[in-house]
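Dropping the structures in below, format is C-alpha cells.
Consider the two complexes below, in which chain A is the common component and chain B and chain C are the respective partners.
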Partner chain A sequence: MIREIFKTAYARAYVRIKGVNSDVTHFIIDIGLPLIGLSAILLAYKSLNAPSQFLAIAAIGGAMMAFWYNVLWGMASQFYWERETGNLPLYISSGAPMPGVLLGMALGGAVNMTIRAVGVLLATVYLFGIKLYTSEIVPAFFLFLLTLFALYSLGMIFASSFLRFGRSVSKINELLGEPMLFFSGVYFPVKVFPFAIQLIVSLIPLALGIEGMRELMVFGNSPLQILWIYIVLLLLGIVFFYIATKMIKYMEERGKTTGTLTLKWE
Partner chain B sequence: MDEVVRTIDLTRHFGKMVALDNVNITIRRNEIFGLLGPNGSGKSTLIKILSTLLLPTSGDAYVLGYNVKTDYMEIRKRINIVAGDDRPGYGSIKVKENLWFFSQLYGYGVREGWKVVNSLIEEFGMQDYADRKLNRVSSGMFQKYNFVRGILNNPKLLFLDEPTVGLDVEISREIRNYVKSWIKRDPERTILLTTHYMIEAQELCDRVAIIYKGKIVKVDTVENLLKLVSGEHIFEIKTNFILNDCLEDIKKIQGVKGLYSDSDVSTGIAKLRIVMEEEGPIADILSLLKERNIKVLALSKEEPNLEDVFLYLVGSKLR
Partner chain C sequence: MGIRDSLTKLRVLVWLSYQIEANWTRLPSYLAYISIRPTFTLLLMIFIVIAARPNPQYGFFILVGQAFYNLVGSGVMGVAYTLWDDREHYRSLKYVYLTPNSLTFYLIGRGLYKFIEGLLPLSIAFFVGALLIHYPIFSLMPNWPMLIANYFVGMIWIIAFGLLIASFLIFTTDYGWAAVESIVSSLLLFGNVIFPTYLLPYPLDAIANFLPIKYWMDINRQALLGMSTMNMMPNFIPLLELSLIYFVVAFFLFKYCERVARSKGLIDITTAH
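Right after this comes the complex of A and B.
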C-alpha cells in the first residue's frame, strides 16, 4: 500500500513538473513577476533607510509567498478542474490510492515552487545586496522542508474538501489569498501583532516557517532557540496529512451518494 | 464467470428525478452489449454505477461477481471507461507521457509502463503525434488516444460511453474497428457500449438494451429486434419544407404506425421516415402532400433499422 502511494505520487508529480516546466517563458514570468512585487517593498524600505535586516526579512517572506498561492491555485482548486476534464473519475475508478494522487500534486508543486523561490531569493540577494547568515543553512533547509510538509498537507485538505464548493472555489481562494499572507507577516515580523493573534498565527505553517527562517538566517540564532517551531510544524504536518487522507475518502463516499463525483459545471 | 454484469431492480434517483428505474439486465462474457436510448434516458447513470462512481438508491449490481456497493476496489482493478465527452489527461505534456502517467495509475511498473505504452503507440499508428502535446492534437487523435488509455490496463470489462460522439465518419469507423478487434482477441473481454447512433449499435453490438426514461424497454440481439419491425413497411420521403400539423395529419392516416422527421435547415429539405403495417397508405400520404402543395423530391422503400425498432417500441424518436 505504501509502495502504491509513492508510485502514484511519483507519476502525478512527474506530470506536474513536466507540465509546468515545458515552457521557458513561463519560468521567467514565474520568477520575474514576484520579483517586481517584492522589489517595490524592498525599494520602499531602502528609501526609508530601514536597517538592512528589514530587507532580509521581506526577501525571505516574499520568496515564500509563492508557496501559498501554489497551495491555493495548484492544490485547493485542482480537483475541481480535474473533474471537469474527467480525470478525477478516472483516478478514482483506476483504484490507485487517492492519497498518492494528492501527495504527487503536492510534491510536484513544491518542487516547481522551490526552484522559483530560490530564484527569487537569489535575485533579491544579488540586486539589493541583502546579507543572510549561512552558518545555519542546513537546519534552515530542514525547517524549510518541514514548512512545506505542513503547508502542502493543509493544501491536501483543501484539495479534497473544496470540491464541494464547485466553481465558487476560485472565490474561496481569493478570500484566502491576501488575508493569509497578511497574517503570515510576509513583509514584516509577526511580532508586531498582539499576543493573542500571534498564537493563532502560529498555527499557520507559512507564518511559522517564515518566522523560523528569519531567526536562523537574518538574526543568526541557533536552531535550538526555535526548536518549538520545528516541533509545531512537524505536528501540524502529521495532523493535516492524516485529516487529508480521511477527507479524500469522505469526499469520495459523499460524491458517490450525491452524484457529484462526476458532475460537471457544478 | 459467464455473467459479467448483473443488475437487480437497480434504481437511482437524483432528488425527485428517477434516472434509473428498476433495471434488470445481465451482460455475458465476451459480448458487446449496447445501451441505446435518447439523451437523458439513464445510459451514463448506469455506467457510473457499474464503474463504482455512483451508488444506487436501491437495488443491486454485480460486476464480475463483485458487489458495486461493497467490493468496489476489486471491480476497479478490472475495468476501464472511455467517455466520448471527457478530455482526460494533461494538455501541457505529450500524448505518450499522458499514456505513461495512466499506466502508473493502472499498476504498471515505471519501465514496464513505458514498454506497454510504446508498443500500443506503434500498434495504433500513433507515432506521428505521440510526441505532440495533448492540447495540440485533433479531436479524432484525442479519441484514439483516449481509447488506447482505456485498454491500457487490459480491462475485463470496458465501458464505452458514446465513444464516437462528435467525430467524423472516417474516424468513427476506425474506432469501431478497434473496438471489434480488441474484443475478438481475448474471450475474457466484455464491452458495455452506450450510443444514440443506431448504426453504431447495429454494427457493433451482439445484444442491445433499449432504454427510455430510465427503464429498460427491451433487450435482445440486433437481429431479433429488427424482426420486431420486419413485418412493417418502411418508406422514406424527401420533401421541401413541411409544417408540423401536416405531419400530425399524416400520423392520423389509417395504417401509419409511426413517423419521424428530420429537416435540414441549410437545404430546407425534410426527410420523413414512416412505418406502416401495409403499403396501401403511401398513396394517401402522397395525395395529402399534394393537397398541401408540398413537393415530393424522392420516395424510397427502406430496410428496417434500430431506429424504427425504437420508434415501434417507444413511440417516439431516438434523436
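Right after this comes the complex of A and C.
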C-alpha cells in the first residue's frame, strides 16, 4: 500500500511539475507578478525611512506568500475542480490511493512554488540591495522544509474537506487568503501583535516558518534560539498529515454513499 | 437607444451582476464576505505603518491609498473578468449577441456593479484602518462635491483599464488572470497608492505621470482633507484629460478586437470548467 501511495504521488506530482514548468511564460508571470506587488511594499517601507531590516522582513514574507495561495488554489479547491471537470471519478475508479493523489498534489505544488519563491527572493535581494545572513542558510532550508510539510499537510486537510462544498469553495478560499496572510505577518514582524494574538498565530505554519526564517536570515540568530519553532512545525505537520489521510478516506466514502462525487454546478 | 432606455438596461445589468455575485448566500453573509478581503488587505498595509512607526500624515497617505485602491481592483476586474467568466465559466458570452445590447455596453453595465458594491468595503476598511493608526477622521471636513466627482471620474478610467484588459482577454483562454493581476499590481506600484511616486527609480517615475490613478489618489486625499476645489484643479484637469483619453482608446480598441475575435470564431472558446 505504501509503495502504491508513493507511485501515485510521483505520478500526480510529475503532471503538476511538468505541466506548469513546460511553459516558460508561466514561470515569468509567477515571478514577475509577486515581484511587482512586493516592490510596492518595499518602496513603502523606504518612504517611511524604516530600518533596512524591514525590507528583508518583507522580502522573506513576500516570497513565502506564494505558498499560501498555492495551498488554497492548488490544493484546497483542487478536488472540487477535479469533480467539476470530471476527473475525480477517474481518479477513484483507477484504484490509485487517494492519499497518494493528495501527496502528489502537495509535492508538485511545493516544488513549483519553491522555484518561484527563490526567484522572487533573489530578485528582491538584488533589486533592493537587501542583506541576509547566509551563514544560517542550511538551518533556514531545513526550517523551510518543515514549514512546507506542515503547510501542505494543512492543504491536504482543506482539499479533503472542501470536497463537500459547492461553488462557494472559491469564496471560502478568498476569505482565507488575505486574513491568513495578515495574521502570518507576511510584510511585517508578528511581534507587533498583542501577545494573545501571537500565541494563536504560532499555530499557523506559514507564520511560524516566516518568523523562523527571519530570525535566522535577517537577525542572524542561531537555530537553537528558535528550536521551539522547529518542534512546533514538526508536530503540526505530523498532526495535519494524519488528519488529512483520515479525512480523505472519510470524504471519499461519504461521497460514494451520498452520490455526490460526480455532482456539478452545485 | 435613448438615455432612459440605457439607464434601464444599466439597472438590469447591475442587478444581474448582483445576482451572480451574491445569490450563493444570504445578504448579511454576502456583505461580510465582500468586506473581509479588502479590510484585511488594508490591514496588511496599515501594519507596515504600525511596524515602522512613522508620522500620522504618512499613515493617512497609505490609509486613503489602500482603501480607494480596493475600488480600482474590483472595478477593473468587474469589466475584464466578466468577459472571461461569462465565456469560460458560464459560457453565456455568445448569448449577449442575441440581445439588443453591444458587448461593450454589457461589460460596462456589469462592471458598474463593482463600483456600488465597492463603497461598503471601502468605508469599512477606511474606518478600521483609521481607528488602528489613531487618525482623527471625525475631525475631517471633506470637500464632498469633489470627492463625489472624483468617484465618478474614477469610474471612467477604471472601466477603460477593464476594457483594455478585455481587449487582450478576448483572444486568449490562457493568462487571463495574469493579465488582470499584472495591470492591477502595476497600478499599485505606479499609482501613488502606498508610497509617493517620486520614490520610483528613473525612468519608472515618469510612467506614473501618464496614469490617471496618480492624480485620482491625490484628489481623494486632498478632498478628504477638505482642500478647496480650486486648489485641486492642478490634479483634476490632468485626471479628466487622461481618463477621457484612456476611455476613448480603450473603447475603440475593444471594438476592433471584438470584431477580429468574432471573425476568427473566438467568442466562445473555452479551456476547462
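The criterion applied here is as follows: the second predicted complex is superposed on the first by the 266 of 266 C-alpha atoms of A that agree within 3 Å, B and C clash if a C-alpha of one lies under 4 Å from a C-alpha of the other, contacts with A are read in each partner's own complex, and residues count from 1 in each chain.
Simple rule for what comes next: a contact is a pair of C-beta atoms (placed from the backbone, for glycine too) under 8 Å apart; a residue touches a chain by one contact, two chains touch by 3 or more.
Predicted model, so just to flag it, every value in this text is computed and none were measured.
Examine A:95 and indicate which partner it touches, taking first as chain B and second as chain C; both and neither are also allowed.
first
May I ask you to name which of chain B and chain C touches more residues of chain A?
C
Now for A:142: first (chain B), second (chain C), both, or neither, which partner does it touch?
A:142 contacts neither chain B nor chain C.
Please indicate which partner A:85 is in contact with in the superposed arrangement: first for chain B, second for chain C, both, or neither.
A:85 sits against chain B and chain C alike.
With both complexes superposed on chain A, which partner does A:177 reach: first (chain B), second (chain C), both or neither?
Touch partner of A:177: chain C, not chain B.
Regarding the shared-chain residue A:133, is it in contact with chain B (first), chain C (second), both, or neither?
neither
Check whether A:27 is in contact with chain B, with chain C, with both or with neither, and answer first, second, both or neither.
After superposing on A, A:27 lies clear of both chain B and chain C.
Using the touch definition from the top, say if A:41 reaches chain B (first), chain C (second), both or neither.
After superposing on A, A:41 lies in contact with chain C but is clear of chain B.
Applying the touch criterion given at the start, work out whether A:6 contacts chain B, chain C, both or neither, answering first, second, both or neither.
So A:6 meets neither chain B nor chain C here.
In the superposed arrangement, what residues of chain A touch both chain B and chain C?
Looking at chain A, the two contact sets intersect at 85.
Mind listing the chain B positions that touch chain A in their complex?
It comes out as residues 14, 48, 51-55, 73, 76-77, 79-81, 83, 86-90, 92-93, 97-98, 100-102, 104-107, 110, 133, 153.
Show which residues of chain A lie in contact with chain C when the two form their complex.
Interface residues on the chain A side: 25, 29, 32-33, 36-37, 39-41, 43-50, 54, 58, 81, 84-85, 166-168, 171, 174-175, 177-179, 181-182, 185-189, 192.
Give every residue of chain A touching chain B within the complex, in rising order.
My answer: residues 4, 7-8, 10-12, 14-15, 18-20, 22-23, 85-87, 89-96, 255-257, 259, 261-262.
Which chain C residues qualify as touching chain A in the complex?
Against chain A, the touching part of chain C is residues 24-25, 33, 36-37, 40-41, 43-45, 47-52, 54, 58, 62, 175, 178, 181-182, 185-186, 188-189, 193-196, 199-200, 272-273.
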